[in-house]
Amino acid sequence: MAKFQSLSTAINENLFSGSFVVFEGFTHLIPYAAAHETIRSGITDLTLARMTPDVIYDQMIGMGMVSKLVFSYAGNPGVGLLRRLRDAVENDWPRPLAIEEHSHAAMANSYEAGASNLPLAILRGYQGAGLKGINANIKSIECPFTGETLAAVPALRPDVAVIHAQKADSKGNVLVEGIIGVQKQAALSAKKAIVTVEEIVPELNTHPNACIIPSWAITSISVVPGGAHPSYAQGYYERDNSSYLEWDKISSDRNAFRDWMQKNVLEQGPEVFNERVEHLRD
Amino acid sequence: MAKFQSLSTAINENLFSGSFVVFEGFTHLIPYAAAHETIRSGITDLTLARMTPDVIYDQMIGMGMVSKLVFSYAGNPGVGLLRRLRDAVENDWPRPLAIEEHSHAAMANSYEAGASNLPLAILRGYQGAGLKGINANIKSIECPFTGETLAAVPALRPDVAVIHAQKADSKGNVLVEGIIGVQKQAALSAKKAIVTVEEIVPELNTHPNACIIPSWAITSISVVPGGAHPSYAQGYYERDNSSYLEWDKISSDRNAFRDWMQKNVLEQGPEVFNERVEHLRD
Amino acid sequence: MNYSSYEIMVVSAARLLKNDDVCFVGIGAPSAACNLAKLTNAPDITLIYESGTIGTAPDVLPLSIGDGELCSTALTTVSGVEMFNYWLQGGRITVGFLGAAQLDRFGNINTTVIGNYEKPKVRLPGGGGAPEIASHSKQVYIIMKQSPRSFVNKIDFFTSYGFGNGFNERSDKGIQTKGPQLLVTDMAIWKPDPTTKEFEVVALNPGVTREAMQESVGWPIRYSETLDENIPPTKLELEVLRDLQERTRIAHSKTGNSGQ
Amino acid sequence: MNYSSYEIMVVSAARLLKNDDVCFVGIGAPSAACNLAKLTNAPDITLIYESGTIGTAPDVLPLSIGDGELCSTALTTVSGVEMFNYWLQGGRITVGFLGAAQLDRFGNINTTVIGNYEKPKVRLPGGGGAPEIASHSKQVYIIMKQSPRSFVNKIDFFTSYGFGNGFNERSDKGIQTKGPQLLVTDMAIWKPDPTTKEFEVVALNPGVTREAMQESVGWPIRYSETLDENIPPTKLELEVLRDLQERTRIAHSKTGNSGQ
């Protein structure tokens, strides 16, 4: 059963230096507050995976907390490149970053394989693509019925998955709705699932086939209103596009980056997120 | 784009003798009206697949229309055995029936593989189970990452999938809700998808992540109120349990079966289904 | 209070279920036991039916595995693919319930054919979800009435694997779950011997003799050294079970009750 | 009516889309072209964004691939796994749009690195959905501005495969889809030669010279024997496009417009 905990307790009890962690969210419902709490926790040497590492991974990489990144698209969505990630890959600053690169289709299937307790996922993928020659974790199997060669990738089985969702009911069952990405698969692929939510409600009262993660498949739930900012939570607040643009400038300079992180992350707590989304609520 | 057609046009334009057809539905939303129209169409030598062949397949088998059945559980749900299927398997009456038997997990994954245009599905399945030695379509692959041997089954790619759903909008987009089984996967695994619905509405007006099949993935839609009877359509009418009990008696005798089929299927049309569910509506 | 052998069977199974169990429930006695547990000793138990309904709480017992009541009272309802992949193969089920047409002493189950597979005497429904329920549930509970036709020395077909020929055969096949850990019948409670994995009787229902037991079972029965007498259903347990069954009867009378 | 080279590019792409197309849409020019088509010549076109939104009809252009507007106007929104498996790999996409940091004459695309993969000069975002969009969409349309930095003789990395070295290399690899069938730029429209699969110019935008073309492209350009002049945007096309962009600007001004 999910425990209701403060975000700092949730992060500190479950994430450790050297952990393999995924913070999932496809543009929507990105767990910013949980990522910032992780940065404040002082842990390091993380292996991170995510289909779309964006600003939060740029921040963690820039802070030197990440030793390896598994990903399929590393960009600032709608804006451009990730400058801290670039600095790490191109210049080893502040430390070298090992990367394992896939396609979206392969990563999505890797999460599903993890959630399904399979060791691998198969797909008709990477045909003619260069990643096949670069990434030793892209292998193949031969179909025993047709003889066709298909791509095979290992299942993702992180230690911890962290996601943000709209709401939990009083028992800790969590509703994710709208652009749901691979959040359910990520949560179920991990040994532990940590969820931040906008609010707790008595009953979820939703469609019979809504995307719900039962309480007993979740480790910890923290209420953090605005916890996805500058990403968004459909039904709660809009995406703060200007923050993504601003990030492009902040992240372009190592010192500007560190100053910003000091002031906006290290010296803050999860309670600031509620204020940050005030002007984005309907 | 889906064409709105009468059920008899939909069946006669798309199903032919020798076709490979699936009529899916897991207890809920079983396409009875479409199956009966198929029986009236006079076609034969069908290969049928379904996770849970129940009364409609018992009827088609008893009518001698089926040459092969792919399945994972052949029972009268909540009642017992399928007597016409038994007669075919045990006594070749009215004709021999070839069977290919799987587990539910394998069949569900076979549909998903079909919908995903893959030649096979893999699962950790059939461990210690006898079907592995009986069914030549249960093979294995070796995981190139862990060396584990996993079960492999071929994708299901039927010529036609037939399902029943609650409603379509005026453009032919179809909503399936409640116990959704493998209907979406079945529809997408097939070359053609035929759908019967309770009603047409201007807009589906549902949850953002509801199970919807777009019009452009559907061949034909027919409005048949009550078309799932004696199965049920959540939100429209309840399951007619007494009909399932009655079937056990009807099907226990070859002549009683043929008489019943003559009177209740061959001499009727899809319009009778609306009357049959009248007492089952709320 | 008087009780039937069916009632003590259902009650005995219900007692062994816990609040944190996640049960993959079959129709019939398993469904009655799970819902009785939810109404008595395990109100927070999670019930899953293979039609895709997760965390369901029906007010009456379902007649089929996919009754509308299961969906309308569920936390959520998922596709068949998700059910078997994420929830069963994913290792989320703590107790999988199985019944059988034929059962052997090592918990191997046949629901496929009586006689030869190619030319059967009786073609049974087949395995459905059972082959993987048997291998992926953390433990398997079997509930069924004893009879010489069903408790057999050798099953005709291995629909679902228990312990094979016993000892370490199950783990040697790479199956990492515990397998059949409980067999509840109308006469007794059985558990596997930790070494041989053969089911042995750990408790006899009140009034059941060893002679009657042996007449209903097709292999020489072993008894636990610590054999107990099973505790009869309490008044409360019986009342709750009978209420549930009466509610069920009334609810389904409109559309025809297919019974147990 | 005056128009920009960006506008004729978007309009030219939009004109080639049809009511029965199912488009896998990328952010930027492809999104503008697809939504313009929906507002003009192809009102029933199906737009899919890789965030899972199927049959979406945004009133304004999205800034990210996963804007809320895409979901709230969609027919339905599916998981990432379903999107890539059932809809893309499933063969349901008629037109996949791709852009590129580097493009070669055979429609091979690089969005991964400039320089060496292990020690890149510029680490780009990578492929995302592109490797499989390139192989599973029935055809691929590429929209991008011409420049010598991006239209190169040899790409640094094969993020997404077009025709390889041309001729039958694509089909010889077992890829059954048609591959890049259209390249729309700010200067011209290109299509692959049926035999060699090299892109050749089929229409030049009004006022564009062959000299200017060659200065912006890093390989010797081939022209179709039936070379046309592209038709300028009509007044209606421009008005609809500009209205769309103005609506977009206003809608996003509240939260910051990240532009094209």
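Just so it is clear, A, B, C and D label the chains in written order, and each chain counts residues from 1 on its own.
What we mean here is this: a contact is a pair of C-beta atoms (placed from the backbone, for glycine too) under 8 Å apart; a residue touches a chain by one contact, two chains touch by 3 or more.
It should be emphasised that the depicted structure is a prediction, and the values quoted were computed from it without experimental measurement.
Participant: Applying the touch definition from the top, give me the chains sitting in contact with each of chain B and chain C.
Facilitator: Both-contact set = A.
Participant: List the centre-to-centre spacing of chain B and chain D in whole Å, with centres computed as mean CA coordinates.
Facilitator: 40
Participant: Take the average of all CA coordinates in chain A, do the same for chain D, and state the distance between these two points in whole angstrom.
Facilitator: The answer is 28 Å.
Participant: For chain C versus chain D, what separation do you get between their C-alpha means, in angstrom?
Facilitator: 57
Participant: Could you tell me which residues belong to chain A and also touch two or more other chains?
Facilitator: Residue numbers touching two or more other chains: 112, 117-118, 123-124, 148, 178, 180, 184-185, 208-211, 234.
Participant: What are the residues of chain C that contact at least two other chains?
Facilitator: Answer for chain C, listing residues that touch two or more other chains: 71-72, 77-78, 85, 89, 136.
Participant: Chain touch graph shape: choose line, ring, star, complete or other and state it.
Facilitator: Contact map by chain: other.
Participant: Would you mind giving me the full set of chain pairs in touch?
Facilitator: A-B, A-C, A-D, B-C, B-D
Participant: Using the touch definition up top, name the residues of chain B that touch chain A in the complex.
Facilitator: Spelled out, the residues of chain B in touch with chain A are 117-120, 122-124, 137, 139-146, 148, 150, 152, 154, 177-178, 180, 206-211, 234.
Participant: Write out the stretch or stretches of chain A touching chain C in their complex.
Facilitator: Within the complex, chain A contacts chain C at residues 1, 112, 115-118, 173, 184-185, 188, 204, 208-212, 214, 216-217.
Participant: Going by the contact rule at the top, pick out the chain C residues touching chain A in the complex.
Facilitator: 20, 22, 44, 46, 54-55, 71-72, 74-78, 85-86, 89-92, 136
Participant: Using the touch definition from the top, list the residues of chain C that touch chain B in their complex.
Facilitator: Per the stated touch rule, the residues are 27, 50-53, 62-68, 70-72, 77-81, 83-85, 88-89, 112, 117, 119-132, 134-136, 157-161, 164, 170, 173-175, 252, 254-258.
Participant: List the residues on chain B that touch chain C in their complex, please.
Facilitator: Chain B reaches chain C through residues 26-28, 51-52, 71-75, 77-79, 81-82, 85-86, 89-90, 101, 103-105, 108-109, 111-112, 123-131, 134, 148, 178-182, 184-185, 211, 232, 234, 238-246, 280.
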